[in-house]
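Submitted below is the structure of interest, expressed as structure tokens.
Chain nomenclature is as follows: A, B, C, D and E, assigned in order of appearance, with residue numbering initiated at 1 for each chain independently.
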Amino acid sequence: MTSTTTTPRSATAPVALHGVTKVYGRGANAVLAQDGVSLDVAPGEFVCLVGASGCGKSTLLNLVAGLDRPSSGRIDLPEGVNPGLMFQEPALFPWSTVEGNVEVPLKLRKLPRAERRERVAELLRTVHLAEFARKRPHELSGGMRQRVALARTLALDTPVLLMDEPFGALDAMTRDILHDELERIWTERKLTVLFVTHNVREAARLADRIILLSSRPGRIIYSTRVDVPRPRRIDSPEIAAIAADVTDRLRSEVGRHGQ
Amino acid sequence: MASDTLTTAQRSDAEISGLDALEIAGREKETSRAARVWAATWPKLAALALTITVWQATVWTGWKEQWALAPPGQVFADLADYVFSAALWDGLATTGRRAALGFAAALVIGLALGLAVARVKVLRAALGSMITALQTMPSIAWFPLAILLFGLTEQAIFFVVVLGAAPSIANGVIYGVDYVPPLLLRAGRNLGARRLNLYRYVIAPAALPAIVAGLKQGWAFAWRSLMAGELLVVIATRTSIGAQLTYARELNEAPRLMAIMIVILVLGLVVDSLFGAADKAIRRRWGVLDPAGQ
Amino acid sequence: CGDDSESAGGGSGPVTLRLGYFPNITHAPAVVGVEKGIFAEKLGTGVKLETSTFNAGPSAIEAIFSGALDATYIGPNPTVNAHSKSRGEAVRVVSGAASGGVALVVKPEITSWEQLRGRKIATPQLGNTQDVAIRYWLKEKGLKTTKEGGGDVQVVPQENSQTVETFSSGAIDGAWVPEPFVSRLVNAGGKVLVDERELWPDKKFVITNLIVSTKFLKEHPDVVQKLVDGQVAANEFVNTRPDEAHQAVSDHIGKITGKPLDLKLIKQAWQTLEFTNDPIASSLKAGLDHAVAVELTQPVDLNGLYDLSYLNKSLKDQGKPEVVQP
Amino acid sequence: MASDTLTTAQRSDAEISGLDALEIAGREKETSRAARVWAATWPKLAALALTITVWQATVWTGWKEQWALAPPGQVFADLADYVFSAALWDGLATTGRRAALGFAAALVIGLALGLAVARVKVLRAALGSMITALQTMPSIAWFPLAILLFGLTEQAIFFVVVLGAAPSIANGVIYGVDYVPPLLLRAGRNLGARRLNLYRYVIAPAALPAIVAGLKQGWAFAWRSLMAGELLVVIATRTSIGAQLTYARELNEAPRLMAIMIVILVLGLVVDSLFGAADKAIRRRWGVLDPAGQ
Amino acid sequence: MTSTTTTPRSATAPVALHGVTKVYGRGANAVLAQDGVSLDVAPGEFVCLVGASGCGKSTLLNLVAGLDRPSSGRIDLPEGVNPGLMFQEPALFPWSTVEGNVEVPLKLRKLPRAERRERVAELLRTVHLAEFARKRPHELSGGMRQRVALARTLALDTPVLLMDEPFGALDAMTRDILHDELERIWTERKLTVLFVTHNVREAARLADRIILLSSRPGRIIYSTRVDVPRPRRIDSPEIAAIAADVTDRLRSEVGRHGQ
């Protein structure tokens, strides 16, 4: 299932969801997490998902990653593409060092040792954790763990990246820097990105398109293109305006649910 | 919205099962009760059929004489006799009662010992390694002490059973307590749980899966110790499985020996299914029965 | 140790004889024969001797049945078991080894059989020779026993070593056991109430005999002959040079158990034993009849169990009286 | 900044130890090596001293005769003899080699069986419960089969040892695999680990602590089975601890029996300390040796 | 250690740190997480801590909660006060339901059953999870878990509340609502709050005082009072201005460390 090419693959890949429904549990306890979600993500597109807490964003990413099966509907991905998912929790391997964690996908792709070393060092520099390479997850702060998880997901070198609140535990500055890094990698590798965030400005800063999900059942209720030219700045007025618009829509949606 | 789908592949069941056929085999969406029972049963029956076939085939090759290797037919005939004899049921009653009582005592002692040793540093330093050491002591070594302390009584048997099973249970508890996630301990302490309350609200439930696993091992130790210990006090009015097993062997009653072995295996299966049910219930509650991971 | 267990059946090369015995006083001829190299000498260079020891009869019989052992010294009980379980096919008794060495030891305050009423007496195992012996004896005296340990005298089966502990602690009043437990119980304050020899004609009854697997007997009668020669020579040694024999038994047991057996105990036990080449088939037969009489077993046909031609040839060669083939 | 401190209390060591004295006892900041060794040793010595005292006191009360309850002095004298005799060292050499080989075989088989059964549904349905059932089968029940299959050879002993220990190890593995956090499994799969790679990179390391715990139980089973199994094949030239134990009992050598028991306990302690060291290393790496929780 | 009063305690409590230093590890591997931090929090004060990822905020809260001991220095709290700590991760008990988790501190205070029920229901309503009372943690979304943890911490009824990014995984709307709730409870119970966040606006919205920590070693480098009268709105210009100021300082601090 994994390719053994040593250079980052530059193939782009689309993602398509057709009427995807996901029900957790049965009978009276059933929770309808997704209700007929259809979505086409173009190759190389950066899509941000926003929505209230518990509306089904993580569920959606899990389905696309193939870690869960939809109750009905279909998800199409190019043959052989295994999307990389950065989970909402860091999900680091506690038995391994920071280095070791980031190295796992490289080992699985059978990269030679020297190249692995180099890639790991580079990725840790990207997330500003070079000096923590030998520490274990339990010795890191929350934000550091999240960055290790980011590095590990980036090490996958997959054309489709699914990210679940990847910068939620980071301070504004570190986040800004990682926005730039992510944008750079996205451009370089022509990645297709599905990005979940609660920070609407972050969505506006990064996305080609922002999609708003309703809560229980999760449905797409709004979708808008962000046509601000890149490079963008998170505190620019255009971004603020788009964020304000999405926030209003979100507010009315959450309000409708009586939260 | 972009809708240009290049060469796409459906994430269909077919593909997933191509990837991990074995790992997620048997995971149907809406399996009926009957189908589930069947799915749990046929592999057992297949295994049984395979065993008997190999056995019978070996007998037919004439590899060993019949008195050395009893043919399945003879064993099952004897098993049928045995099942309809009072010997089995009386033996089961005696042995079952002893096993239950002995295991219950071992459980209480093992739990208490395990919890104490796991959390009190001094006790751990003093007794920690001793527990494994005691576990390795064969039952027969305890016989003289058992007789000395309790004479030829049922208590002597219990003594041997408890010494066999309690260390194993205690080790399960210690392992469980050792691996309680520190975050949960901290959370518990912060919520105001100290000492006994910390045990009650955090350590015990967190260690429960490991404790159940330890109980399973403890049961095996208890049962084996009991099989040996039942020879310690053969109360003639009260036949027991352990005594029958040994006598079958002493009289070279191969078919009867195997019949008793089958009974022991069946009992083991029943007990394991109880533990298995407990374990499954815990795993479901904890959400460790994850279908995608499973 | 028996790495080439197939060699017994093989035609070429030296034949391996796999011999079993117990590190026990009642197996003294075997122990002495091995320790003093008597078997090795008689078997000669063409036969490789491999020995295994057992602590109980069943393993030895299992080993014979499964072809892992060719011959073994063993008590009368397992002999009968082996015979009956294999419908008379698996084994043959080719020689005797020892007689006697069994007694009823009781607390000193018991001086006659009448006082046994209501007492608890241990035997090694339900239905074994000693168990049958006491039940039959009590029956003749008019005392009832039941399999379940009820009746006028409670007969409780118990491992011999445990019997010493329970006798000491007063949990039982006596025991009908073989040596060296007779001596041990006496040393623990017991008194011999009945020496089983008194109950038998000529004061003889079998306690140990030598059996060989029928298959081995068929394939290597010459080797069996040499083995029996060895047995006769070993008994000769035991009976003529008892002091050396005592020492040999003590040393040999020490090798296996890590501690030499007390010489005094050996000497004491020796008094109650007689090392004879006669398997005393009549006592085995009588014992079985007794077992049937006390309803502990079904009658067994002992036909064909004994093949004493080798023994008689050996005895004849040495100008000794032959024994009767039953 | 507000600096009005009302009635305040310092979070000093004194207060914390007031709260959880037992739980965090012995946790000094900068303990020297000697102090640590002493802290680990004195409770053991104290326990030992206590045991011997109670034992000697019981002997002095005259509760039982000397030949029923051997006094400590006599036992230690015999132990001294034993330690300087070839019997112990020869026995240890034989038994130790058998234990090591048998355990190694049980380990390989138990691991393979456990991993296979834990993750392959069909095998689990077929064999899952059988593993516990096999675990409860007393060693002596296997003797006839062992002799049948292997004759009177060392392999017959291994057979019994492996049948004793492998199920226990397999159960430890199954437990460990069952409780691998689903999140880590998902992470592993997402990173591209399938089948064998999933085992190698996720399941095995995640289950490692449970596997070590299972190995400990397995060791106890292996050792006990060996003690029984060594009677299966006794070659006069090769004495073994198992044979010595049984014969000490059969010959009512109380002091020697206790000396052998002490040797077995010491061996158990040594083996446990090896497992303990492995376990501690794992816990340190995982960060489960949390000082505040501990 | 726990009081058995059934009404929320209204006693207020100060927190004082005197030259607190915390070193993790030893020798070459040692990490100086706190270096001589002195801080006085007045009874009833709401203090927000901001700082770069890995600068020692969580460490500080752990020390105040008494879950770790400072390497040197002293922390003073009123006798018998056990601060409630909401951890950075939800730290829910997986064996228990949502309800059960929230009930633990109430059980530990030996409240009668009926009262416990009532309090649990009320707390779950506060965090908008009333319908999820019977679910188990693994059936919840990330944001839901965080809210359960919040409810559980609030159930402690302690005068000192320590919160480690409590709203990090929540959408903007839910977060706004919970800001209001937290402010209400804080006023009602006269709580002393130490609140860690990466969202500077959130800090300005809630705090009486904002404290900025430097990274490795963690030191207090800036402290400012927020004198905007309450009720405040997170999108009000005053809040934005304060946030901008703190962000600038943070930026220069993080920049100084070459992140």
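Simple rule for what comes next: a contact is a pair of C-beta atoms (placed from the backbone, for glycine too) under 8 Å apart; a residue touches a chain by one contact, two chains touch by 3 or more.
These numbers were taken from a predicted model, which means no experiment stands behind them.
Summarising the inter-chain layout, the chain whose CA centre lies farthest from the centre of subunit A is C. Between the chains B-D lie more C-beta contact pairs than between any other two chains. For the pair subunit A and subunit D, the distance between mean C-alpha positions equals 46 Å. In terms of their C-alpha centroids, the spacing between subunit B and subunit C amounts to 41 Å. In terms of their C-alpha centroids, the spacing between subunit A and subunit C amounts to 82 Å. Looking at subunit B, one finds that residues 19, 64, 68-69, 143-144, 148, 186, 189, 194, 249, 254, 287, 292 touch two or more other chains. Touching of two or more other chains is recorded for residues 1, 62, 67, 89, 139 of subunit A. Looking at subunit C, one finds that residues 58, 62, 66-67, 165, 169 touch two or more other chains. Considering their complex, residues 1-2, 62, 65, 67, 82-85, 87, 89, 91, 93-96, 104-105, 107-109, 136-139, 152, 156 of subunit E touch subunit B. Residue ranges on subunit B touching subunit D, taken from their complex, read 19-20, 22-23, 25-27, 39-44, 46-47, 64, 68-69, 119-123, 125-141, 143-144, 148, 167-168, 171-172, 175, 178-182, 185-186, 189, 194-195, 198, 209-210, 213, 216-217, 219-221, 223-224, 227-228, 242, 245-246, 249, 254, 257, 260-261, 264-269, 271-273, 275-276, 279, 283, 287-288, 290, 292-294.
Contact residues on subunit B toward subunit C in their complex (touch as defined above): 64-65, 67-69, 143-144, 147-148, 151-152, 231-232, 234-237, 247, 249-254. Only residues 183-184, 186-194, 197, 201-202, 205-206, 208, 282, 285-287 of subunit D touch subunit A when the two sit together in their complex.
By the touch criterion stated above, subunit E contacts subunit A in their complex at residues 24-25, 31, 50-58, 88-89, 128, 139-144, 147, 164-165, 168-175, 177, 198-200, 247, 250-251, 254-255, 259.
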